[in-house]
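Quick one: the structure is below, and I'll ask about it shortly.
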Amino acid sequence: MTNSPIVALHGTPAVAGGNAPSEICHSPLAPGGAHVRSVRDEFHGDLLEVSMGPHHPSTHGVFRMIATLDGETIVKLKPVFGYLHRNHEKIGENTTYLGSMPYTDRLDYLCSMTNNWAYALAVEKLAGQPVPERTEYLRVILAELTRLLNHTCLAGFLLQDTGASGTPLMYAFREREKILDLFEALSGSRMMCNYQRFGGCRVDASPEWLEAAKRLADGYNEFLDEYEALITGNEILMARTQGVGVMPRQLAVSAGITGPMLRAAGVDYDIRKVDGYGVYPRFNFRVPLGDHGDTYDRYMIRVLEMRESIEILRQAFAQLPSGPIMDPKAKIRGFKPKPGEAYGRIEGPKGEIGFYLISDGGANPYRYRVRPPSFINLTVLEDMCLGHSIADAVIILGSIDIVLGEVDR
Amino acid sequence: MESLEQIRDRLLSRYPGAELSILNNPSPSAQHSLVVGGSAAREIAAFLRDDPALQLDFCSNVTGVDWPDKEIVETTRTTIPDPAGGPPKLVEQKTKRIQPGYLEVVYHLYSMALKQGPVIIRMRTGNRTDQVTLPSLTPVWRSGEFQEREVFDLFGVVFDGHPDLRRILMWDEFKGHPMRKDYVEPDDYEWEPTPHDEVLAKAKAHYPAPAAPAAPGANAK
Amino acid sequence: MTLVQLSRVTPGVSDWFFQSLSSPFIAAAGDSRLERLPIIARDLLTSRLPEPWRWWLNSLLAILVVLFGFAILFALLTLVERKVLGRVQNRPGPNRTGLPFTKLRLFGLGQPLADGIKMLTKEDIVPRSADKLLHFLAPVALLAFSILTFAVLPFGRNLVPVELDAGILYFFAAGAGTELAVFMAGWASRNKYSLLAAMRALAQLISYELPLLLSFVPVIMMAGTLSTTGVVEAQAGWKFGFIPHWHVLTPWGFAAFVIFMVSALAESNRSPFDLPEAESELIAGHLTEYSGFKYALFFMAEYFGMCALSAMAVTLFLGGWRAPLPFLEIVPSYVWFALKLFALLFGFIWIRATFPRLRIDQLTRFAWKFLVPMALINLGTAAFWSLTCNWSGPLQLARWAIALALVAGPFVVMGRKLSRDYAPRTYRYA
Amino acid sequence: MTDSANTPTPLSDADRDELRRQGILLTSLEELYNWGRSHSVWPLQFGLACCAIEMIAASMARFDIARFGSEVFRPSPRQADLLIVSGTVTKKMAPQVVRLWNQMPEPKYCIAMGACAISGGPFKQGYNVLKGIDRYIPVDVYIPGCPPRPEALLNGLMTLQEKIRGQKLTGPNAPRHLRADDACEYPVPEFGETDLVPPTNPEVWQPPTIVRPDKP
Amino acid sequence: MLGIGLLKGLGVTAKNLVGSFHDPARLVTTEYPEQRTKLPENYRNFPFLVYDGTAAIDGLRCVACKICEVECPPQCIYIIPDRDEKGRPTKKPKVFDIDISVCMSCQICVEVCPFDAIKMDQQYEIAEADRFDRLLLKREALAKPNSYYQEIHPAEAAQVDAMLAEARRKADAKAKAAAEAAAAKAATAKPGAANPPTRPPAPSGSTPATAAMKPATAAMPEPAVPPVQPTQTPAENSATGNPVAPKTGTPGA
């Protein structure tokens, strides 16, 4: 076996450059040998190549996997991207800083509020723009609501992938609608909130809105209990997910996995704790960690995170100060930060969502880059799927929690 | 955490020949970065990852930046003493020169073990046309695998040592690198009812010539 | 054709209907007009005809009634399934499609009609590379096999289309043909997903054929007959006047019933065993390349199979058409049969609304490592039960205790073994 | 704006009664056929982007597309009647969408849901975004919005049902699948060096020309 | 024991099945065409142009300043300012097109408009068979009266109206002061001259609407903060919105 494993798997090495990858790939690439994958000869037996997607019921959009199957066992799996590559970054460089804000809604279209926040945070870092305290609290409230929304939807979609006929998804969306009602009442749109501004936010939350949000947060544990009664103890689900798609710790760190997926692998890294952005240091919450790193852990970590989010929400409602929502010096039109660059990141529901901006002093960013968590989390898809069956690949993909708007941008 | 200068000094003492410089970031974010020459980049990256004081085991973000060729007009002023004995004459001489552009790849590194960061390292290609090869850092941080492919696809940086360098977002037959600043997108402006600026200019190619200038703004079909 | 031939070679079938009127099993209530309504109606139509014609026409009528009855049941069932699924999922389900040309909505009763019209008129696509003959034959065969199974089901007192001595054997023999048809569909489509589905279907259907067959062997042992009417007769009467002698109310019978229903779920490709169709994995599995009416036929066959297996479960375990309590016998027998059938079909829908899907290896493992041993042990339990049928008094209690232990013990042990790989977890916090 | 005056209006009840009184069997059959297919529109389970989430939401408990008999989202195009193009069609995806459309059996319908599917929407300036799926396949109903509310999708579905009910099976206005010149298969574009080849299907895509003066 | 989790799950679905017949929390469907959920006041779909008074086109608040056209991220607005016979701009849009097949409902046009001329509509039941004609909204389709705006966004509209009225009052006062000053000046310059002019000298813009708009701009010279913060807390609301009745007439007409 002179060839490195990765090359054997990837077939033709590269397009250009005539690189000779074998020397590097031979070395222990990452601590823990992250690149060591099971390898089989392509001509070993009767292999079947199945192209799943871009139109496939459980690729969560237009993702595509080319799976080589031995029977039903996956021996090779190539993700294919780009079916929803809608040039977000190029458009971001051709429009103003403010103009990109509504586009960030469409990145991860389930969590527009956190995308907004990440972008606003990056721009505020770039321009040195302070944010009023009330807005910081509102941001936390909305981000945690978004986390509830996203994790609820994920739990529903994951179960849909395992073949439940829509019932868990329906319950998840029943709750999602309640959160969307809140978003709509506050920002005017169900999904595309376009809510944050640099140095504040667009609309203040009325007391009635806060009351409604509080009611929702208080009642959410009840829903989670019901949902867990339906699903968590279900033997079929446990059999389907436990031990499936195990991601080792070392691989997770090396591959830049973030979010619940990383914590399911047992790595204690939550940007809310690490960076302490916003007013998160003022809240008391715990970070659940998984010990197995399998699909069940990834599901359960999200459920537990939702329960923590409810705690954060309760504290935030209790502490919410009054005051302005917009920094008086903040500019809406004619916003031109000084030359420089900034990378701002927050803990989105799917992982670290970051924005990297380079300003040349103009009205448009010179470089506008999104660090998409679900795209980078997909790095380990093949590693997790190898040796499992095609039915497992579907739920492993589901447990990564991808949204194609963000993967392909 | 160590400052960037300390890191640089330690790196220089370890790899004396390495090309390292610090790029200052004037913005309030104060995220300064370390410009690393391509030759020893992979060793330096491995050092950053494995050094116990740094342990930058998490490469969060990999991105490309295109800096196109810039035409720089330099004005040199020379005083020529007046042979006639008058006051010396100030002569302005303008020279145009093309500052060659380059492609830049930026890595944002964090440490999950020590919960610190970011350390930003950048690598630059020689130019934008033929010297676009940089060492791939995917062998050091696996998270670069797709992101470097994306930089290859959209910017055209060739990563030497990348295990699977193919186009990732665009289709394989695609020519060009769309995220470069000078990329011109294909023309499909047959129906552009609300164009402005350069879109308008492009869309006009599809418009019939206005029949009569007397009816400006008429939305005739 | 097969049906007719079978009935002709079986002795005594031709005049079974007449004999049955004076059958000793008819209870007093069974003589009511309502009870005999189907037979009276049939006789009205055919009694004037000469004997050989009469037999033919009677058979034809039986076939037509069964076919149309189940076709209507199928239509209704699709609607009921959609509505029940809807209700489970906090929504009303189809409720706007009523009578054509009117504004009547009738709670969506017109939905199956609309679906039928659309399906019938939809373009039929056969892939260019498909095996055209097999592609066409698969739905036809599937439907034919499922319809054949209806021949021996006792739908009510004296209401069995064909009285066969080996009716149960015939039922499962005919039912086994569906496996072939599913494989034909998957193979002929020339589609990778269909092929995978076909392989899955074979593995699944053959695996579950075994527990299915083993689960009702105790019933045959107890009843001492392979005839469906015989099995129903064996469950006649009430203990203490109110506990019916249904097989399901014995320890072995209950276990057998559960095994039978689980296998029936798998045999009819219903969730959580809908692996061949597995929407989230294999698009539509073996149905991927079927459009229009062929697809409708598949759909129909699936529901027919579900109905047939439920009806057989009713016959074998739930006392067939018998009323649960003596005084309820005034309700006609076929109504009881229908009610029990609906209850089981509702169970199918309910389970579909709740469970995720198994994986193919777990599915087969469940069949071979759990259901088959359970069914075999259950055979022993049933043998014990039949050997001790004359125990009485406190011994009766001991009989129950031993039988229950014989059922529950292996269930717990093997269940543990089966679920060894997974367990609920607790999580730590950073 | 919302009266949908341009959609073919179905027969009025009075007309229907008149026709029925005259005992025109064909008319009744036609109506029954149209009624059947209008009440059993099974969409393809096919989501592209953000609008797909709203499409899913429309099938969920709050909005319940099942009331219209359309909750049967078929994953296989062979069994679907309605292609809801829900989201941005990129150039990389466009051939697959056309292929899916070709794989669906007639009679089939297409709803372009959301700004991106109609015209490329906010992303139309992108180099990889198709400016409207109607460049390649015929669209029956356009639902603008970014994304349209689920109610808007239901409204679009009802508009489509009205349209189907109003179709005459013979004559020049016959639905596409009953016309002799029906293109059974729409040409699937191929990947070119920068764009799809061909960039449009001229048989489907006939935009009106715009005359704009030079901007002052 | 094997099966307990399954039975629990069956229990949950059974609870929901039974609950759907008596518990409104378990039958959450809004049967859309017949029932509708009430849209929140903040809901936004597509922009429309507000006009004052009854004349739809003449009363438009829009002055064709093209700020929204420039700021619109997907560039779905197209404006050509109108000119009078002499070629001077009349501060009215001659063409104002919004391509709602492109619009992403982001509300940035509303935020950047210094004249409160463009607002977000709540009409979402749009399904058309022709996109070229029906989805390109012209000036005529976009113009909607202020009363409509007050109807769909009551709190916001009251605030805007109050602000506009305040600006108009200030402008009037300023004009009056200017007129008085001019009169005084005239009086001092030409003592015993005839009546001072009854009308204040018209500002540079010729149409009355512009006269009213001018001060509005003056009130917000640089829209650094969003000109309208749609929902304020009620306290703020009542503080700003009390004295002025909603204006209906065209200002200055």
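Chains: A, B, C, D and E, in written order; residue numbering restarts at 1 for each.
Just so we're on the same page, a residue touches a chain if its C-beta (ideal position, glycine included) is under 8 Å from a C-beta of that chain, and two chains touch if they have at least 3 such contacts.
Here the structure is a predicted model, which is why all the values come from computation and not from measurement.
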Which chains lie in contact with each of chain A and chain B?
D, E
Joint neighbours (chain B and chain C) are A, D, E
Compare the CA centroid of chain A with every other chain's and tell me the farthest one.
C
Of all chains shown, the one whose Cα mean is least distant from the combined Cα mean is A
Write down the chain pair with more C-beta contact pairs when A-D is set against C-E.
A-D
Rounded to the nearest whole Å, what is the centre-to-centre distance of chain B and chain E, using the mean of the C-alpha atoms as each centre?
42
Approximately how many whole Å separate the CA-defined centres of chain A and chain E?
36
Which whole number of Å gives the spacing of the CA centres of chain D and chain E?
33
Give me the residue numbers in chain C that touch at least two other chains, ranges are fine.
88-92, 279, 283, 353-355, 419
Hey, what residues on chain D touch two or more of the other chains?
45, 60-62, 64, 67, 75, 92, 119, 122-123, 125-128, 132, 146, 149, 207-208, 213, 215
If I count partner chains per residue in chain E, which residues reach a count of at least 2?
2-3, 6, 9, 12-13, 16, 28-29, 31, 73, 75, 80, 99, 102, 104-105, 132
Hey, which chains are touching each other here?
A-B, A-C, A-D, A-E, B-D, B-E, C-D, C-E, D-E
Quick check on the complex: what are the chain E residues that touch chain A?
2-6, 8-9, 11-13, 16, 28, 39-40, 42-44, 67, 71, 73, 104-108, 111-112, 120, 222-226, 229-234
Provide the residue numbers of chain E that touch chain D in the complex, in ascending order.
28-33, 36, 45-46, 73-75, 80-81, 83, 99-105, 123-135, 137, 141
Chain A residues touching chain E in their complex are 95-96, 98-103, 105-106, 167, 171, 174, 177, 181, 184-189, 192, 194, 197, 202-204, 206-207, 226, 229-238, 325-326, 328, 330-334
Chain B residues touching chain D in their complex are 169-176, 178, 183, 185-186, 188, 190-193, 195-196, 199-200, 204, 206-208, 210-211, 213, 215-221
Which of the residues in chain C come into contact with chain E in the complex?
84, 87-92, 350-351, 353-355, 411-412, 415-416, 418-419
